[in-house]
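Here it is, the structure, as structure tokens.
First chain written, first letter: the chains are A, B and C, and each begins at residue 1.
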Amino acid sequence: MTTILEHESGFWAGLNEDAFSGAAGGEEGVLRERRTQAFQAYRSLPLPTLRDEEWRRTDPGLFPFEAVSRLANLGEIPFPAASDLDDRFDVVIAVTDEGYAIRDNRDGKVCGLTVLPLREALRQYGDDLAACFDGPAVLERDRKFTQLNSAFWNVGFYIHVAKNTAVERGVLIRYEITGRNALVIPRLIVHAEAGSRARVTEYYQSPDGQAMMCIGAREMYVDQAAQLSLYAVQEWGNGAYQIAEDWARVGRDGQIDWVTLSLGSKISKMMMGCEVAEPNANAFMSGLFFANEKQHIDQRTLQKHAAPHTYSNLLYKGAVKDEGRSVYQGVIAAGKGAIKVDAYQMNKNLVLNPGARADSLPGLMIDADDLKCSHGSTMGNLSPLELFYLKSRGLSDVEARRMLVLAFFEEIIAKLDDEFLQERVRADVNRKIG
Amino acid sequence: MSNPYIEIVNLHARIEDQPILKGVNLTINKGEVHALMGPNGSGKSTLSSVIMGHPAYEVTEGEIRINGENILELEPDERAKLGVFLAFQYPVAIPGVTVAKFLKSAHDAVHGDKNVGAGAFLKELRENIKFLEMNETFINRFLNDGFSGGEKKRMEILQMLTLKPSFAVMDETDSGLDIDALRIVSKGVNRLVGPDLAVLLITHYERILTYIKPDHLHVLIDGKIVLSGGPELVKELEEKGYDWIRKEFGAEVLV
Amino acid sequence: MPTLETNSTLVRDEYKYGFSTDVPTESFEKGLNEEVIRAISAKKNEPEWMTEWRLKAFRRWLNMKEPQWADVSYPPIDYQDICYFSAPKLENNPEVDEELKRTFERLGVPMHERDRLAGVAVDAVFDSVSVGTTHKEMLAEKGIIFCSISEAIQEHPELVKKYLGTVVPQGDNFFAALNSAVFTDGSFCYIPKGVRCPVELSTYFRINAVDTGQFERTLIVCEDDAYVSYIEGCTAPSRDRNQLHAAVVELIALEGAEIKYSTVQNWYAGDEEGRGGIYNFVTKRGHCRGRKSKISWTQVEVGSAITWKYPSVVLEGDDSVGEFYSVAFTNRKMQADTGTKMVHVGRNTKSTIVSKGISAGRSRNSYRGLVQILPGADNARNHTQCDSMLIGDTCTANTYPVIECENSTAITEHEATTSKISEEQMFYITSRGIDEESATSLIVNGFCKEVFKELPMEFSVEAVKLLELKLEHSVG
């Protein structure tokens, strides 16, 4: 089924001058400038269709753009009911379809960490925002949804980590969207200054059966010798539709540990691009995805090597079950001059039953000669030998399978440097194994 | 007698701006075996790489002469044709290239004598393989690909027997070898030792020196030869260690 | 100091097949329409059904678009500026016959029965027509048919009708449709039940005339438990205008049958500036129809200005096996977008892909592959290894594999690497007295070994020599 979306109808017609003015209402300075630029760009870009290489396996027509409610800016609200995660972080941002709230757990202890709504950040960090919003991290500017987000974001945050400071517990941003047909367009800017270390965790939840849509974009800047961990735990309910386009740029001697866990949503289409932009920059990108029932999870990654002596290592592990479907598409791009580069990309898939489907499209685009780039991809079910071994020790078939699926994902889960979160993810995976 | 066969004069070399060799002087005549010892990081392997012309090292000062000719401007293959041979500490694997094919190519390149038929070449190769107590199936394997440490070192010696160099540099050929392999490797080297060969035997352990008897021994510390002497020096080194040299003589001291 | 920078002034391998043959020819006016197609058909004295088949393909082609997705770029092709039929005047002209034979001798293809290579039967195609097939009688004794496709249409219409276009349908893609409309010659092989073809069958394709497209059509059918090894070779004169070669090759393997198809493609690749050369837009597909059938493609691609080619296997029969072994070498301004498709339909089907790409000069070399495991392909297995080697820093190597899995009992593994010849390998080999060029050639041949060993012996030797020749001066 090919559906070509028309700008003139429904949702798309709704994202017009008026919606733009509404979203930009009262906004000034660089934020308004960027919105305006993005709005122009957004309008000039065609809607993606099944004919576009990137959308060939995820029909844009499957997103019920018509159904979601009108765009509304999310303002500040009182802090909603606490979650058991909250106390584990320095700063917690809670976002609902009513608005957002920020709680600071630091008891006045200053640790070089600043967390602000984007509009407030404008006052204190205007220059930095000018450098970071729609900044050099966005490697592909002709993307409809990145531009849509920049033009229409209705909730946004700025996280700044000052030079040479280490943030121990970091920031939690949790989305709990309960309203039917809610539309959330979140924007996140993270800037880890030289020599700093920080962790940002995002957690997405919505009730099962509830239709909603999230069109997110992130930009992350990791300066010289800084280290940033970004954990995104996506557990949207099975009525959620998600589009996310995220970008990171890592400077000299810097490092990003970017872990994306996609367990929820009905349809999810993600783009994660990371540029190791200066010598000795390191990117570790890890992903866990698990599509069961009728879930569809499509993700694309880009490891861009623009400078000599840059390193990236990517591991995405996925499982499909029931009628679930997954798509992994990855590219390692090494431009001219990107010598002494070491880049690796691995995608491993479990196809757990007939009816499920996994597609893997690893890719290498190499324009430099003195480097080492490799990728790998595997597909298969659980090893019969391993199953047999576990069963011979008394485990039931179901228990043995459960153990092996969890074991398969453990490599990714262990990358989360937070045992509480690890346990939480294990429990969620466990539930999905059924 | 004319010039000494090998002359290394005030050799300075660096890698990526890091100076390693800081003025090495060494003279080796044909028929002589010189052992070069020194602690880790003293520059032993750098010296062997520079002699062979490894592109990663830059010579900033000094000369290496063979028979009076400075070889520093020569490519590695040109040096090999002059008779220089390096037994690598870490031989490199070349998947897809068989030992036989490689040896024939190297043999033809070095000796420039393609008239030696494949038959004669194979006959000699088989003899050498037997002499080194290797399995004949060796020649059909890919060069150093999946070889054990001992196999790789024997492979180096097999190449040496094939190429018959006039100047052999053995770069820690003994490290990681068990006593049997050491005996075999030494037997291989000794087969060529004689009036037509100059040997520089680089080692970390004195063990190999009981199999291959050196005429001279040198100690390299911090990129310079600080001590030279006869075979009797081996025992002294073994008993007292390198720190003794540092303390006793400081730098620049030659016996 | 050994470096591997490309010295563009040295990238100048002599293309020794670049001569042209001066023989009286009969050529059509340039242009393409139904009249031209009828004329081709008439020239070949084809039956009505064949003419109609061509016309049907032509009408489809008119509504199709040239594919744009490959990683190659070239100016638009004017399909009305191509001559679709050119043939040497053979009738009662022994001198022409001798001249053609001399041409093939010069190309290393023995056409005189007295010189024939032991173990190889040859069909030679010169521009639009087959000019001779050797070993016919001996093959006929075994019931093997090996002749030009034109002859097969006359002599074995029932077989051609039964199989033509059943693997690559007319509308499969733009170039396949064009080929179906205008193909002029090619080879036909039929191996009856239980027969192992005792010799290699070989076709040598030669483009000679200027501005002539070559549209060859090859059809190979192996009945139950039959076996054949087939080899094709290709060359063309050096000309400064691009020429189009759009072939279709169909292979059909019935129960227990095995087809081994080897190609050494050395079409003229253009000069240093990318002027001239063949556009090699080819559709090759094999169909493992029967249980335990096997189709194996081995290709050594060292020529053509542009290569667009994905020899594929549809694994329909249970326990069938598909293989693809490829070496693609590009230098100068060559562009290659090549790879394979393995479509697993039946149970216990296995496929192996080994692709070795070597890019030098200012060339572009892409691997594009699809491994498709359909829901019924229980216990399907695929192993893919794609390696790229870059020589110099002005070339590009891309790898675009797609793996689609819809069966939970299937296992696929894909590995790919891109690297250059390591400094350590180079130092090690040159330290043994081998010069840089020979060292490169040693390493590259080692890199390609897995593929070369799949070629029939004498062609393997040829392929190694050819690659060495191409590598000469690619490094300086």
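Here, contacts are C-beta pairs under 8 Å (C-beta built on N, C-alpha and C of every residue); 3 or more make two chains touch, one makes a residue touch a chain.
Computed from a prediction, not measured in an experiment: that's the story for all the values here.
Relative to chain C, the most remote chain by averaged C-alpha coordinates is B.
The interface carrying the most C-beta pairs in contact is the one between chains A-C. The most centrally placed chain, judged by C-alpha centroids, is C. For this pair, chain A with chain C, the centres built from the Cα atoms lie 44 Å apart. Centroids built from CA atoms put chain B at 55 Å from chain A.
Centroids built from CA atoms put chain C at 49 Å from chain B. Touching chain B in their complex are the following residues of chain C: 1-3, 422-425, 427-436, 438-439, 442-443, 445-450.
Remark: chain C residues 4, 69, 373, 375, 388, 390-393, 395-420 touch chain A in the complex. Partner chain C is touched in their complex by these residues of chain A: 53, 336-337, 339, 349, 351-381. Chain B contributes residues 52-56, 75-77, 79-81, 85-86, 88, 91-92, 94-97, 101-102, 105-106, 109-110, 142, 159, 163 to its touches with chain C in the complex.
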